[in-house]
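Same chain, two partners: chain A is paired with chain B first, then with chain C.
And now, the complex of A and B:
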């Protein structure tokens, strides 16, 4: 007997009610992102960070001293596991199913996020490429700025539904929409 | 009805008339009016009834310090009580109702309290309603509440939305009058991120009420130009309708923005109010100053208001407070009001100056009484005359409005909210802002500046200095010339002697000068005591107008300086803030975030009822057709697990991945039992202790490879254990190579338990899981049929043959479906945490009902797990304390009722037979109870003194809370399969 198992995104039911059209302020919920936790071991901290930077097709997200998330919306988890597996002094853990990736974009994105996080997201304080762990609507997330008006939220799966509803509520005055996206 | 609207003066938009109602009567106002200015324009001076004596009252200010003109605005669920009409922005269709009166505002039965006022002085309630005590709650308190009070809540759910937002800036400017505007311009031009917040619906502060010209144009045009420039700067944020109400640690300011309070039909997509938490590197308090009322006989009657309020109504709103106005002043403000009113065409009859002489210019045609006083006013719903006194001679002067000015007090509230007290200045005759460090400074009249030009200079200079401190190049600014400003200097008059009527010092709470005297005589002399005894300075206005006069009068009574009296304590909020704004979106189901398991939808479609366990929503039981109570479902689930198999969601357990060459040694130190030699591919139950020797948490840890483990924690302690591990690794043993990461969310984990578990699991898992290949406590990666990688653990929390299967969360539902399908012919069922609890109690397994922070391993029967031969582990040292090894400690036992049908509950206490039911005879208590479907009666786990020595003893289970006693037999805590035959099978 062979099992055919379907993968289910945590927001499947939440997004069912949204139409096709994305408004200027929009959340793209990445359907199958690859997300890994990287832990650098003692005495390998700098070497691990140096080794992570040139890895192609992935984004590095700072979490804590010597701890990062590696995120990719284009490469599969298996590919990344192979690429990262060779880094000496690092432990890597697949979190692709344990985290959801929400990309929020639009002209009012900072006003929306100001209702969600306590961190100053002005470009002078939180430039493109910056990321940090922070509370977002009471939930611990990793927030990264990936563009002038684009941020990515990496949120634990179990909190994702609750967080999604809260962020949508904060975006209500700016007609925030949401839909799945493949990358 | 006369119209008091002036011909052309003011900033209201006369092209946009608005209709509104007050007490059911329709009125007209203009866009730009406040409710108070519109009512005044319609000759409606009477706006409320006072708190205690129900005296008729009109507005005494034109701003947020208003004590009198409180109204209920809106209808139905949107009715909001105690709104100050003086700041309520008028909109079309606004509905306002007066408060604290019956049957109507003009005929109020409660006014009889005024006749009783000799009996109702300060402390009246404390003295009168002392006996009998039982009547206080039943009679006195409800009656007093009905007689005295403010508006009433709608008692309906608030239909509107509220939000909270953060903001960050280099400089927060609080107040947009002359100092605030210049401060914002100075820092804004320098490139700093500036936020300019003002409680008013128009920015400009006091300049909106000024007749002077600034920079060669009218004050209003100056404001318009400044706002236009500020609005054009991308680094400046303008926040009208935003009250900064609190100053908190780390330069965080709390503010509330009234987003839609002025809108007839609120948009459902916008919040009604928005609470701001503003993180400012620097802040300037440009909140201006408050004009003090004078305390004289009859000073509370409708028509008596501060001189600056009367000026604001005339200059800003184009409304005359009366047709025949008198002025009572101790400084320049009264004279300025007189001349502004005359310029607007209002008849000013008399200026009464408390001072014998002054340099202020007396407008032509106005009668001047120097060294005089007002000792009483006449009229009820609006004054019609005043009694003036000079040199012992009294004279009645006809007037329908009286402007009073008792000098000025800087508004320093925010700077005093974190412990600093305002500082008395003899020179300014006022309490000035304290020095609270260089990050937060006062400017303009909040800092004691007296004139517009001084405020403009002060605001610009202080903002430029702060901007430079932050590294911005702030250049000197041209300070605009002010023409026609006046000198507001005054001589203090705390109390006008000779009052013929009551002289009120706190208008909102009906506190008269006589009450202050009574408080001093009765020993409530400290200003904080005086406040509580008399209620001066309480309620919605918190004494914004009256407090300084209270202090001055008490100082006078005691013959000391106000500096020695000091002020009462300033606390947030500056003005009242609604609970809705403070709660924001966190209400109802969103009061706290919720966590759902990857098997949530699987549980839902299988009929689960959910229970909140912390933030998690866990499946509690799975009702099937025909089952009428939860017990029926739970009994069926338990029996199915014991006879066939059941599937339970255990995804909520904490899961921590542990890596490193030091991981084995680390685990050996955080667990009290041995972990150093755990073989790869095996799981082990572990007990983690706190330093004090009590159990912190339990769970299993499995070794997946030489330097790689995965730990499970209880659902409730997942976060605590993670923090505990990080703390131990970073501070106790930084030399150990060990790293952790939580993977709780990565894995959907399900427990398949029951005699048929292996049969079912082998249909899903490709690997050989025979007892030989995968024995009890086996733990390793497996492949599901079809290729999905998973982790399998042979561990059990039910005493049955059981497996926990972990799969990536996204596949959780599909895999659970597959297991249910594979087990259909074996009679599988889904079971929830209720059945899980029954199964574990039957087997004597403990949870946090027993691991409650007061129990040691030995208490729970795990004494032999303590590996005392290990060099060290957390909790080892303190475990040998005398109290922890005492023979009469509470120990885990089982309880079964002597009579099979009798039941008892968790929380009940244990007594020896024939002992008097009292805690003095306490033998322990019941920690967990369930109805065992396997045994057919109630069973319980209990913690009992020397429990393990007392198996067989009959004990009384005493439930003092619910009532009742049940006889039970003490037994070992394992009720089902004590030999573990099923577990190992």
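And now, the complex of A and C:
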């Protein structure tokens, strides 16, 4: 993991001057999330999925068959690496320096995201706890619903600035604000 | 355009998430004749109507899919994972 990339957040320059109070519609840019990608080896798919579910302190995000992201805002990367390292038949890679985590929430969040993604985000179709890879403002991201009005976006670092500017633009009519958050 | 594709892993998605590889042809045996390989690599039918294509879900699950669609009416009849189809035929 590259510590330079990890300690200087890619949105540092974008968020300069956004010091005011958070509005109801708000993006919390998680400063130092721990993000791992997990790929199950052939014939270990079910065992790896079962082993991932009970891991404490992390959220499991579905990407593709036998492929997941493990996201944590509370645990450090080293702790998670130890916990995941015990799982047999899986390739685990620390992506904390290569991905950014944005948490968008507020009463109009679905109206904002409707302009960003082409996926039905109604609670019947995309329930709390659901996650999937999708195109968001022309960037391939992993979108997860973590609450009724809360979504989390995991985006590749180099596309984060572009995605952030587009989402802020889509949120302008709803007075979307953004700021760093620790968890 | 057939604009909505129902990926077996991700659900209904717009065509912008996919890249199209072309007709889903059966690959010849490695020991097949030069003529067969030439036909497989270079020669293509240009069918009108229902046929099968390889689609890559580039912005989603990144799996290769076989999409059966009609290039006249733009109806999509079936979408399946290419690996599952190949596994069943082997």
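The working rule: the second predicted complex is superposed on the first by the 176 of 183 C-alpha atoms of A that agree within 3 Å, B and C clash if a C-alpha of one lies under 4 Å from a C-alpha of the other, contacts with A are read in each partner's own complex, and residues count from 1 in each chain.
Here, contacts are C-beta pairs under 8 Å (C-beta built on N, C-alpha and C of every residue); 3 or more make two chains touch, one makes a residue touch a chain.
Note that the structure is a prediction, hence the values are computed from the model and not measured.
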| item | value |
| --- | --- |
| Contacts of A:134 with chain B and chain C, given as first, second, both or neither | second |
| Touched partner set for A:162, first chain B, second chain C, both or neither | first |
| Larger contact residue set on chain A - chain B or chain C | B |
| Which superposed partner A:13 touches (first chain B, second chain C, both, neither) | first |
| Chain B versus chain C as contact partner of A:172, first or second or both or neither | first |
| First, second, both or neither for A:99, with chain B first and chain C second | first |
| Which superposed partner A:118 touches (first chain B, second chain C, both, neither) | both |
| Which superposed partner A:41 touches (first chain B, second chain C, both, neither) | first |
| Residues on chain A lying within both footprints (that of chain B and that of chain C) | 67, 118-120, 125 |
| Residue ranges of chain C in contact with chain A within the complex | 9-14, 16-17, 58-63, 81 |
| Chain B - residues contacting chain A, complex | 161, 163-168, 193, 269-271, 277, 279, 585-586, 590, 592-598, 601, 616, 657, 659-660, 708, 737, 739-741, 743-747, 763-764, 784-786, 788, 808-815, 818, 822 |
| Chain C partner contacts - residues on chain A that touch it in the complex | 63-65, 67, 118-120, 125, 132-135, 140 |
| Interfacial residue positions of chain A with respect to chain B in the complex | 1-10, 13, 37, 39-42, 66-67, 91, 93-99, 111, 114-115, 117-120, 122, 125, 137-139, 156-159, 161-163, 165-166, 169-170, 172-173, 175 |
